[in-house]
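After the structure tokens below, expect a handful of questions from me.
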Amino acid sequence: MTTPSVELKSVRRDFVTPSGDTYPAVRDINLVIPAGTFVSIVGPTGCGKSTILNVVAGLLPPTEGQVMSFGKPVSGLNAHTGYMFQQETLLPWKTIVDNVRLGLTMRGVSSKAAKRDARSWLKRVGLAGFEDRYPHQLSGGMRKRASIAQTLITGPEVLLMDEPFSALDVQTRQVMENELLQLWQDSNTSVLFITHDLDEAIALSDEVLLLSSGPGSSIIGRFDVELPRPRDLMTVRDQPGFTEIYTKVWSQLRQEVMKTYAAI
Amino acid sequence: MQQSDLPVRRTARARARRRRWIVHSLQVAIAVVILGGWQLGSNTGFVDSFFFSKPSDIAARAYDWIKTGYILDDLAVTLQEAFYAFVLGSLAGGAVGFLLGRVRLLAEVFDPYIKMLNALPRVVLAPIFLLWFGLGISSKVAFGFTLVFFIVFFSTFQGVRNVDRILVDNVRMLGGKRRHVLRHVLIPSTATWIFSSLHVSVGFAIVGAVVGEYLGASQGVGYRIAQSEGTFDTTGVFAGMTILTLVVLVIDLAVNRIERRLLRWKLDEHMT
Amino acid sequence: AKSDSSKLTIGVGGQSSLVYLPTTLAAQLGYYQQVGLEVTLQDLQAGSKALTALLGGSVDVTSGYYDHTIQTQAKGKSIESFVTMLKLPGIALVISPQEHKQISSISDLKGAKIGVTAPGSSTDFFLNYLLKWAGLSADAVSHQAIGSGSTAVAAMEQGTVDAAVMIDPAISELLKRQPDTKILYDLRTADGVQKIYGTPQYPAAVLYSTSSWVKEHAAIAKKLAAAIVKTLQWINTHSAAEIAAKMPASLVGADKNLYIKALSAAKPTYSLDGKMPPEGASEVLKVLSSDPAIAKANINLAATYTNSLLPPS
Amino acid sequence: MQQSDLPVRRTARARARRRRWIVHSLQVAIAVVILGGWQLGSNTGFVDSFFFSKPSDIAARAYDWIKTGYILDDLAVTLQEAFYAFVLGSLAGGAVGFLLGRVRLLAEVFDPYIKMLNALPRVVLAPIFLLWFGLGISSKVAFGFTLVFFIVFFSTFQGVRNVDRILVDNVRMLGGKRRHVLRHVLIPSTATWIFSSLHVSVGFAIVGAVVGEYLGASQGVGYRIAQSEGTFDTTGVFAGMTILTLVVLVIDLAVNRIERRLLRWKLDEHMT
Amino acid sequence: MTTPSVELKSVRRDFVTPSGDTYPAVRDINLVIPAGTFVSIVGPTGCGKSTILNVVAGLLPPTEGQVMSFGKPVSGLNAHTGYMFQQETLLPWKTIVDNVRLGLTMRGVSSKAAKRDARSWLKRVGLAGFEDRYPHQLSGGMRKRASIAQTLITGPEVLLMDEPFSALDVQTRQVMENELLQLWQDSNTSVLFITHDLDEAIALSDEVLLLSSGPGSSIIGRFDVELPRPRDLMTVRDQPGFTEIYTKVWSQLRQEVMKTYAAI
């Protein structure tokens, strides 16, 4: 077996709350992402999904446990990863095309080549004609798509995506999902994907992880999706086995969410 | 959509023109009221022209100084000093601000020292400036530097501290090294703060040069002002200051223009 | 500190001040050139700044007050005066026009606010001396720094201070604006000086430099002294108006008549021969001795001046 | 979770303590090197003590001045002046900054005037200050005011211009009136900018007071410094400045403390 | 008929692009929202949905056309509306509870009463226990929920909501939807709701409006949803008629989105 692209061993991450207490966001996270696999994380809102991505990216050091990437412990930033954040991260002072080409420019690609590449990526995410706008001149969904292009253009070995498609309409979303799957199939990229859309998680992934509700969430379900590849996103939902997995994940997720509202 | 006569744009442009007109009229009105009142006060003896001179005399003197070229060499010297003070002070203040803004340990260590230095009255230090930098232009530059440096430093420092963390993280995740973060995030995001401080700094650079000259020099507008003051020639004092402020206005226009260019993305945001 | 021996810089403690007029006038008359010197004048606004510039090496010679030679000796620096330009201090104790009490001597000013140009300046020392002379204690009046220019005139006119030790041209300016202003002690006249100090000459503005410079550049100092003495003689033989005509317009200022008037008043204060009067020198030391640092210092007066570089009269 | 001995917190606290220790040691080390070198230089005659005095003499003099109470009255006067200049200048600068920051027409009209006023050399204006405000405390306050005002003004103005528009819109949509927007959005969001300017202003308020005294007064630290300077007593000059800077440090600690309280939400953000 | 809570007449809104051209975002928008109705807007990303909401709120003046609210032309802010923005709008310097009570505080409600109310609202959106956190100490979904509470607490007559639930997991989303419907039923509030979830739009609304893709979008479909009220969100999707509407909207939306990607 090859070394996994990402491995978390008994990771725990605490935060200090305003009152000075310790708030355990996630604990006991064990996670292996073999190179080239597509793994999704689902879980109730606020359970710690983004926290896990931050830990994998090396932005948040774990309070306990170990993070490995391609066999080496991660200290500081994890250089293998590309990260599309949940928040808006486009630089407001750069036009869209300059934002998208940033990763290439910083790698020393010539301005011209980087621009060409950025334009073609913008076209792929449906933003042709908006290249010279500043982020605030775009709609929310357009900004998200620009961020997607910005992250994908550098071709990272491990792709971390935090709800990338949630601001898009269903149809655009499917186009984007297709792009992503295409890109993933054509490369040896591993993907760690956060979504609230179970459909999406199952349709795209090799494995779906379910986090329990916080505080101190941990992984309470691991579901292998053994639908054949390549998948046609238009029809994958109708394939035998899809509904089965869906129902399994769904019922467990539902229990988790209900815990949060139990008190109401 | 290359037509320039679309109704939206036409009205927008007309509105901008009208606004400019209002602004300028108001400005002129204010100037007229103040200068007119002053002139009237002087003429009727209500304002003591020994201390305040008269606007008409001041204008005549300033015009005369410029026309005869009397002040031009001095102005050149003062501007040169102010320019160096401004450039060096801003660069140093900015650089140290960025450095301490990013390296927390340095910031904590040097914080009290910087605060202390900033509280030193520069005028008292004039003898030391003269000792270190001589009587020439350098002592005036040093003088202005000590004013500009701190203003730009504090702004930049606070600006860097204020940078949106997620933007830095994103650029780093995209493969950005320290210098990339500096160039693509820190500098642009701190730009408004820096420009804000530059507006004060332009003024202070000139003040530094003039006060330096005022304390000891053989040329420069400050020297002329000191000379006029020594002979109780209030008109000369005010004429010197008038010329200075006009020059500052011109310089500030330039800073504004650069600012507007560099912060286009931002101004625009407030357009709607 | 320049190596080129015929070039030198003189720091002036305020070119627009009449007390330093001979330094500028000599340049205007071309006397420096005549003796083979290329002199640059550097206006330093105040005597103390000119002294600092000298000690810092920015200027070679200072046109400043003789007092400085004594004060710096107390600080362990030796500087030496080699030509005296002003034999009377050119200051006066003026009563504010707002002061309505009858004031006929310093004793009447007990408890009053008295302006001086700056703390630690020669006007400040004069006030201290005056108090001692009148048998008053040093804190019998409150010393108020009011500067030497229009601030001083404003402070006097508004009655912010009851009286002030002033220098020209501020005195003339005040007299012009408030003609019935009373001058209590006028040290611009030999009589006034005689009354206070008991000697008719009290050295004020001089040219001085560090003792080592004077020793190493005796020839230059000699030439400088010659140029100044020649200027002093020229002043003596010309009218105030003629002198004013020679001075640069920027120093005369807008009101030429006022300048001439001030100059007429100041003319008797200029020395005729550039000589340091030894009794005057010891009076200066006495005045300065109100500063404990100087009183303690055991000053060697002979080292503070020399008359040996003056041209034979 | 009320236990205070959780491992995370324990290590965090220990780390903070260790860091503080490092910072203080470094600060002391720097002070020792500078003062030690200076003292050594003075003793060996390498540094001219006519211009720089000796650290040991300065310390002795400062101690003496404080012990005998000689300087305390003066210090009280100077601090009072600086305090008024600081408070009035900050309030006025902040208020005008907010006003012009929000009302674009006013900003455009007054922009050139403010730039002009800021470029006036205050020292030259000393006679006018004395004329208008007399020789007492008010003229020094006015002097400091003109320095503090502009610094705070420019910061506030730019800060207000920089406020995130969507936050203002949201508060307005929630029913916020002008004053609510000011209180809940503009002031907090401008707070970092204002504090940044306050750090410079504290220094400049003191500088203003001291320079004002230096130019004409009968008491105050600036007067004492001028007195020492007049008698070429460099030790006295430096002792005065040393006392000033120590006071500024203490004041700045207070500003820091207030800042840390008010900007808690922000500091915290950089904790992780 | 009573006066409609909101009425747009031939509204057009243009933007000036960086190159100086005019970009027509929406045009020819005619819209009537009778008091007490629930209207949803769907449309491809970037078509102009948020622009319409901004116009209704009075934040963006229309380039052409007229905006009326309760019979009066809107000039300046529309005081009848409460607006939950698509962007994050919590004040970073206030704790969650202070953010939520802000609307009440500004109306002069006593601090104590406002806090009590805010706490109960935070409980309703599942944020009990997080009251004293600052926004950056919450997860993305939690911030959204706090925003919902902040908007709803003031009980506006017209509620404008721009993708309020898109950052939430399906389950939490349903809880929120239920809360919203409850609130709406118990008051005479009108709602103008933007979502990318067709299911959600149909399940909640009386009418679904479909915008065409930009530039210059206009309303190209109006679908009345005549499912009976009160609706049970758990079962409404199985009601007769739901799938019918869904299919109708969906096929038209799909065509619209595809136009954007036609060039790829």
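To keep things simple, chains are lettered A, B, C, D and E as they appear, and every chain counts its residues starting from 1.
Keep this in mind: a contact is a pair of C-beta atoms (placed from the backbone, for glycine too) under 8 Å apart; a residue touches a chain by one contact, two chains touch by 3 or more.
What you see is a predicted model; the values in this text were computed from it and never measured.
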- What chain lies farthest away from chain E once each centre is taken as the mean of the Cα atoms? C
- Note on the structure: The pair of chains with the most residue-pair contacts is B-D
- Query: Taking each chain's centre as the mean position of its Cα atoms, how many Å separate chain A from chain D?
  - Reply: 47
- How many angstrom between the C-alpha centroids of chain C and chain A? 83
- Give the residues of chain C that touch two or more other chains, as numbers and ranges in rising order. 48, 52, 55-56, 149-150, 154
- For chain D, residues that touch 2 or more chains besides their own: 48, 51, 127, 131, 229, 266, 268-269
- chain A touches at least 2 other chains through residues 15, 18, 87, 134, 137
- chain D residues touching chain B - in the complex, by the definition given at the top: 19, 22-23, 26-27, 30, 48, 51-52, 105, 108-109, 112-113, 115-116, 118-124, 127-128, 131, 150-151, 154-155, 157-159, 161-162, 165, 192-193, 195-197, 199-200, 202-204, 206-207, 210-211, 214, 222, 225, 229, 237, 241, 244-245, 248-249, 252, 266, 269-270
- Item | Residue ranges of chain D touching chain C (in the complex, touch as defined) | 48, 50-51, 126-127, 130-131, 134-135, 215-218, 223-224, 226-234
- Under the touch definition given earlier, write down the residues of chain A that touch chain E in their complex. 15, 17-19, 42-50, 86-88, 95, 123-124, 126, 128, 132-134, 137-142, 145, 162-163, 166-173, 175, 196-198, 250, 253-254, 256-258, 260-261, 263-264
- Note on the structure: Note: in the complex, chain C contacts chain D through residues 48, 51-52, 55-56, 68, 71-72, 75-77, 113, 118-121, 124, 142-147, 149-151, 154-155, 158, 160-161, 291, 293
- Item | chain D to chain E touching residues, read off their complex | 166-167, 169-177, 180, 184-185, 188-189, 191, 263, 265-266, 268-269
